[in-house]
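Right, I'll just put the structure down here and ask away after.
Each chain carries a letter (A, B, C, D and E) given by its place in the written order, and its residues are counted from 1.
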Amino acid sequence: MKVIKYAIILILIGLICGCNSTGDRFVLKSKFQSKDSITITFAGAVDDQWAKNKDNFIVYEEPDPDIRLIIKDVLLSPDKKSVEIFFAEPINKTVPHCLKLKDISSDGKSQGTHDITVKKFYFGNLINILVLTMLVQNIIFVKYLGLCIYLGISRKRAAAIGMGFTFTIVSFFSSIMIWFVYQKILIPFHINFIQIIVFVGLISLTVQFVDTILRKVNPVLFKEFGIYLVLVVSNCAMLAIPLLIAANNYDLFESIMVSLGGGLGFLLALFLMSCVQERLSLSPIPPSFKGMPAAFIMTGLFCLAFMGFSGMALF
Amino acid sequence: MKTTVLNIAKLLTFQKGGINPPEKMRLTKNLPIEVMPTPPEVAIFLKQHVGTACLEHCIRADMCLHFVRQPTDNACKIVFKGLQNTLYSEDYFLNDNICFNSSEVHVQQEEKVSEGDLIGKGSKLGSNLHASISGLVKTISDTPHPFGKEPAIVLSIDPDAKPKSYPIVNENWMSLSREDLFAKIKEAGIVGLGGAGIPIDSKLSVKRDSKLDTLILNSESEPYLTSNYRIMLEHAFEIIEGAKILLTILDIKECIIGVENNKPDAIIALNQAIENDTQKNGSKNQFKIVVQPLQTKYPQDATDQITFTLTGRIKPTGKRISASGVNIQNVYTAKVIYDAVVCHKPFYEKVITVSGRGIARPANLLVKIGTRLRDIVDYLGGMTQDVAKIVIGGPMLGFAVSSLEIPITKTTPGVLFLTQDEIDIQPSYDPCIRCGFCLQACPMGLEPNNVSIYVEAGKSADTEQFGIMEDCFECGCCAYVCPSKRPLVQFIKLAKLKILEAQQKKKQRESKPKESKQREST
Amino acid sequence: MMNAQSEKNSISNCLHVSSAPHIQSEVTISKIMWTVVVSLLPPLIISIFIFGFQTLIITLVSVVSCVVTEAVSQKMLNRPVTIKDGSAVITGLLLAYIIPPGVPWWLPIPGAFMAIYVTKILMGGLGYNIFNPALIGRAFLMATYPVALTSAWLAPIRNGSIFTYMNANVDAISSATPLYVLKHYGMAALIEKFGSMSVIYTDFFFGFRPGCIGETSAFLILLGGLVLLYKKYISWHIPVSVMGSTALLTWIFGGESFFTGNPLVAILSGGVMLGAFFMATDYVTSPNQKIAQLIFGIGIGALTVLIRLKGGYPEGICYAILLMNPVVPALDQWFKAKRFSEGATQ
Amino acid sequence: MAIQQKTNKEIFLNGIFNENPIFRLALSMCPAVAITTNLLNGILMGVSVIFVQICANSTIALLKDYIHPRVRLPIYSLTLATYVTVIDLILSAYFPVAYGALGLFIKLIVVFTFITMRLDVFARKNTVFPTFLDAMGMGLGFLWGMMVIGGVRELLGSGTLLGYDILGFKPMLFFVLPASGFFIIGFMMAIFNYTERIYKEKQSKRRIPA
Amino acid sequence: MKEMIKIVLGLCVTCITAACIMGVTFIFTSDPKKKNEHINFEKNMFNVLGYNENRSIPADLKLYSIFRYIIIQGDNQYLGYAVPVGEKDSSGYDLLQVDTNGNFVDHKHLDIKPEKVMEEGDRTSAIKAAVGGAATVTYADMFFVAKVENKRSAFLLPAETIGFKTTIGFMLALDPLYNVIGVEILEHEEDPGLGAEIEQEYFKNQFQGKSFEKVKSIVVIKQPIPDDYLKFLEKKKWRQGEYSEQEIKAMQQKYQDSDINAITGATISSVALTNGIKVAVKKFVYRVKVLDTIIMNKQIAVAF
């Protein structure tokens, strides 16, 4: 359990470092306000005159620096410390927007020109990815991967939880490693066609690594989770996570979130199924359907239930 | 006075669970105790009580009477049908284990005995048996019993013998020592009249614990049964005196009599008796006896429940109730003890409730131990046409019988002749719908639904995790509330049996390797 | 009166011998189920007046197909046919209640097959299903006929002619549900569409709004729910926690900024009432202990709000209940009744 | 060896019926559920698996004397990964449309448990020809299963077979969704169990008079 | 020890063999793969231009590709257009550097062979070399110009937008007056039966023939498509000669200014695609106009 705790702390530190502020002295904050406006907060009060002049603001979407958005109106807040810019058309919040604030004048003094980028909260984006991979793109009920282990392990709850945790840990470490190898070695050298073999190798390596460390550091935990480590190697869900990361070109933190989300989703699925399997083992299921067929149909019902998450986006 | 009793806002009761079945006391509530004429023949079982020593025997014998039990001469066919298949089926031979804690025969065939004579001597956990009628020992043979057949002493009446009377001979029992009192009670062959019928001497001779500080007198809380109520009403004085004897023997001062508030008259009567007693004895009185009205709820009279209700103590799992510092007796036991000590009267006749719509004339009867049901039915004018079930005991805990040849024992609190609409017999039961009614009803906080589901799935041995072996006393609350009409008590009994079997197997397996090892070493 | 002697022979034939207890309460499964059926009927009657006569046809088709599926499948499996206990009727009613009124009449049939055969009978019959059958039926229909399930809404009839929509082109008179309007166009649009706020409250309360067949009339559902509560067939824990958490979370997250959502509209405008009283409280698929029931209900409420606000569907109660159903075995195991002997002082 | 007592025919048929990887062993279900939305996908996936299985099995059977038992699992992975990469590249080059649908799952053949299992259980202990037959049988069993599932789903989901309009309408969209794969596999397994039970009952009945 | 060496050797040999097999396959398959991809892409382009079995591709149809890059030099951002130059068969590519206000900045020749221009890596490095120094060069997008009889017949632009679930990739064809010729969905992951209906002819063909003016303000309405229009849109079901040229024109004119009818039950996907098309067209038209003005002013001999 300690390993998990440290991992979570590490991730949190990473996330906090990964968050970006505007990095500007005078402009404090900028964010998407409603569907057609952006709010900018300043450190000091700005002049009315300046704020009313629409030409002082140049806004464009990052990939299209040549196309300026048409500003309909600019509103200065009563305390003069923030400005809301309204646009003629709804803005596309998925793309970062670049803002150029020309010669900001505050109390008659010029604060110079500021370039800022407004984008969705990075942390929110990461949480979004985590939740999406866990629920909306659940590795078993929506992606249909790792079924062998899922059906084999989910008969006992303790085993299911053990397997889920082991899977999450291995997927976390392996995807970090795989991300570096893929982005820094395979892509620059144009040898990404051997990704399968590399990924399989790296996963085995991670498993060996976790195995060794766990054996030394926490023998009790090893006794509990050790047997599942071997199973993780030959699990298609385990291989699918790095393949998905590679296919979508995620950055490091996003990859970590995908791997965690995938692992937790796997854990969730195993847990739910194990709860259900315990009940199924007591049910008078028709003899032809006993065992695997019932488990399959139950999984199908789970899939129907998980369709409720489809189309979900948190932030 | 009556109103004050009923107006107590929050009456004491136990922690959780319990049910409120229709009381059905009106049938016999207002009928005074009636002495039944001596029957021509009585059969007195050598074993008068259920006893806890042979749990397996009891479970096995009572478990599976689900729909049909066919008693043959000395075996019964036990069949328990599940929804899908037969869960349990066994030909059970009753002669196997029946000789536990029974009494030794003290008479010979054709010997002449008179009322009150010792005919069986209690050994170990058995109690003394006394002739309930004057006459001849006709035979000592197997007689129908709720569980099949058991050996009994059959006496046939001597028509000329006069009924024996027991005048008060020993009013000043206070002067007797504890040991003398104890011996007198033992001599009289009294058993606990609450349920299991353990001989009173073993109940009282539990290791003298310094913790023991309270005597609890309880009364029946099952529907229909009114014998306790009538005793309290008509023999309140004797009960108080009996309680005092018990207190002397136990060497404690405090006694609480718990009476449910559906018997307000009994509460008044007992209070009156206590008042009289204090007036009479004045400052001499060193005992503290109180009557505590209780909320009407089944199973208010169960050991754990009444202890909690009256003292707030909870019995730890797996320990005897004396660990909680209480001794529990039935009010009727107190009355019988009074008879034995003050009148030297052995325990050979008792008050039972004969009730139900299936009998022509319900009554509270004073009958001789060993009286056959047939004689009672005849005396009360026969059964109605639509009688569907004859139950010895209360409707919640009693045993259904299939023959009128069965005699009354010392533990029989009543006989019920129930009609079809009273028992509402279902031809089959339905699957568990997990409504959770039984979880709410179980006074011990167990999970009867899960036990039944496990048993149905053929995993009876796995039900040990639900704690039925330690805690379940088969009060029947779960089966009473079950909307699927599942025979939950039978399920639990079957599970207990299987757990016992599994434990025995485990023991055998454990002992075998040891033996083999020993063999190897030798 | 018979003589005891002559009785002896016949007695073993007519006497029942069974183990204690010998008396049982009067509550039976069929009694519970048929009470639920009866308390479910008022929404159907009002729906006929609101959406027209075809809602009755759809409901009848649904109920009949559920009952027939149950009977046939039990016959085929050589099991006792239990259609008389009313559970299939409830499933049929509920299945019809959670589909739009403008769907073709045959639509419930595949849903009934899925609900009764696959979800219930295959998993062991009554008492062993993990998911609520009616909801699985709906989820299946949603996946199979998404267009019908998401667009066959009808505007309420106010002129009293219940045959208005018979043989009519459904597309021409379809009307968006309040939740759809709320999700995609906001509160202002909702007020614009249905009139003032007070009109919204009263209309929604009595059922004059587009929606699924049985979910519109909050008043009648509440009435039915209160009957079940009064009869003590359900406890207040699940309905209250489902509705309470839905209202609370909608109030917090449902508006433009925090704490500006409208909790009352959230409860009145979807299927939350029907779900809370009649579907989440299904004995088989809900936990037994009170704390577990509260957690179960809060989980349903939270998932409902999550799906409503962030998910792809305007209404989330159906999937929320389905998603909480498999957690029930775990909840049952985590929250057990306190054993009597647990409080013992050693 | 006990295995060699089986005739070649039995070895071949074993994979198709008795130990059908999908319906009996319930291994490698992911593609069977996820991509069998139509018959063509099923066939392509099945053919790819046959290719990988035959190649890998034959290779291992050929080289079994040179493989050190300690490193046999890495060697298996390596062999499989090689052939999977080959088939992956070939499909992406010549069947780009189908590759779009199968994409991920072709790569995942590497971790198909039943292939690795056959390598360890059969190929390691047998000569090339029986191994080839076994691989063929197993592969055909897989192909057959994929075809059945794909066919049913295509017919019920989009009313077509191999792209040709059969029914003229779309009966149940549900069968296009991957979730339906679970139901079809569940029902197919049940049919297998049922036939087996009937078969065994008949056999036991035959035995009694004899 | 001996065993160790044996194992290591065995593994090494296996690895080398595996690498050889994979390498050989890669070499053999890489070319057909690219070719296939190219063919597939072209097929889509022809499709969207309206060439199919009934309407054959003209012999002198030529496609020219123009790539847009974002060049950051110091604090300044520029757009770089890699445009084909030379009269015959686009003998080379030039880079036009434009600032964000649409003013011409620079014109450089790119050192790249025409057949290599579709290779992103080669192209980017050529542009980098041309711009030189510390500039960052990022690829933004591309579009095609189709020429028939040496006249511009259409613009083709691949674009994408966020749909109900993930991105929807589509290809747009515009005529020289920026009216929509056709829309083709390249990739999407919408729900089958709901959002996936954007692929269907009856939906995507609605965009056909919409004028640029209309597209600028096009919206989605939740009304069913009129029956005659629906029949007209389902092109696949057209039998030979069901509609004459005049009829087609008449129908197109009749519904030229109508809005887009949403797919039943999938309004979000419909709106997403419509907005995506709207935005893509607006941006594209703005840029093409800037580019054309520069080419006119500077008199650059572009091929298109």
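List of remarks:
Basically, a contact is a pair of C-beta atoms (placed from the backbone, for glycine too) under 8 Å apart; a residue touches a chain by one contact, two chains touch by 3 or more.
Here the structure is a predicted model, which is why all the values come from computation and not from measurement.
Common neighbours of subunit A and subunit E, listed by label, are C, D. In terms of the distance between Cα centroids, subunit A is separated most widely from B. The highest number of C-beta contact pairs joins the chains B-C. Ranked by how close its mean Cα position lies to the mean of all protein Cα atoms, the top chain is C.
A straight line joining the Cα centres of subunit C and subunit E is 50 Å long. With centres taken as mean Cα positions, subunit D sits 34 Å from subunit A. Distance from the subunit C centre to the subunit D centre is 42 Å, each centre being the mean of its Cα atoms. Separating the centre of subunit B from that of subunit E, both taken as means of CA atoms, is a distance of 91 Å.
Across the assembly, subunit C contributes residues 118, 124-125, 128, 140, 143, 145-146, 312 that each touch 2 or more other chains. Within subunit E, residues 18, 22, 26, 164-165, 191, 193, 268 each touch two or more of the remaining chains. Contact with two or more other chains is made by residues 83-84, 431 of subunit B. Under the contact rule defined at the top, the touching pairs of chains are A-B, A-C, A-D, A-E, B-C, C-D, C-E, D-E. Residues 18, 22, 26, 70, 77, 79, 98, 100-102, 140, 162, 164-165, 191, 268, 279, 283, 286-287, 290 of subunit E are the ones that touch subunit A when the two sit in their complex.
Listing the residues of subunit D that touch subunit A in their complex gives 26-30, 33-34, 74, 77-78, 81-82, 84-85, 88-89, 104, 107-108, 110-113, 116, 177-183, 185-187, 189-191, 193-194, 197. For subunit A in complex with subunit B, the residues that touch the partner chain are 281-284. Residues 66-68, 70-71, 74-75, 78-79, 81-82, 85-86, 89-90, 92-94, 96-97, 173, 176-177 of subunit D are the ones that touch subunit E when the two sit in their complex. Touching subunit C in their complex are the following residues of subunit E: 164-165, 191, 193-194, 222, 224, 264-265, 267-268.
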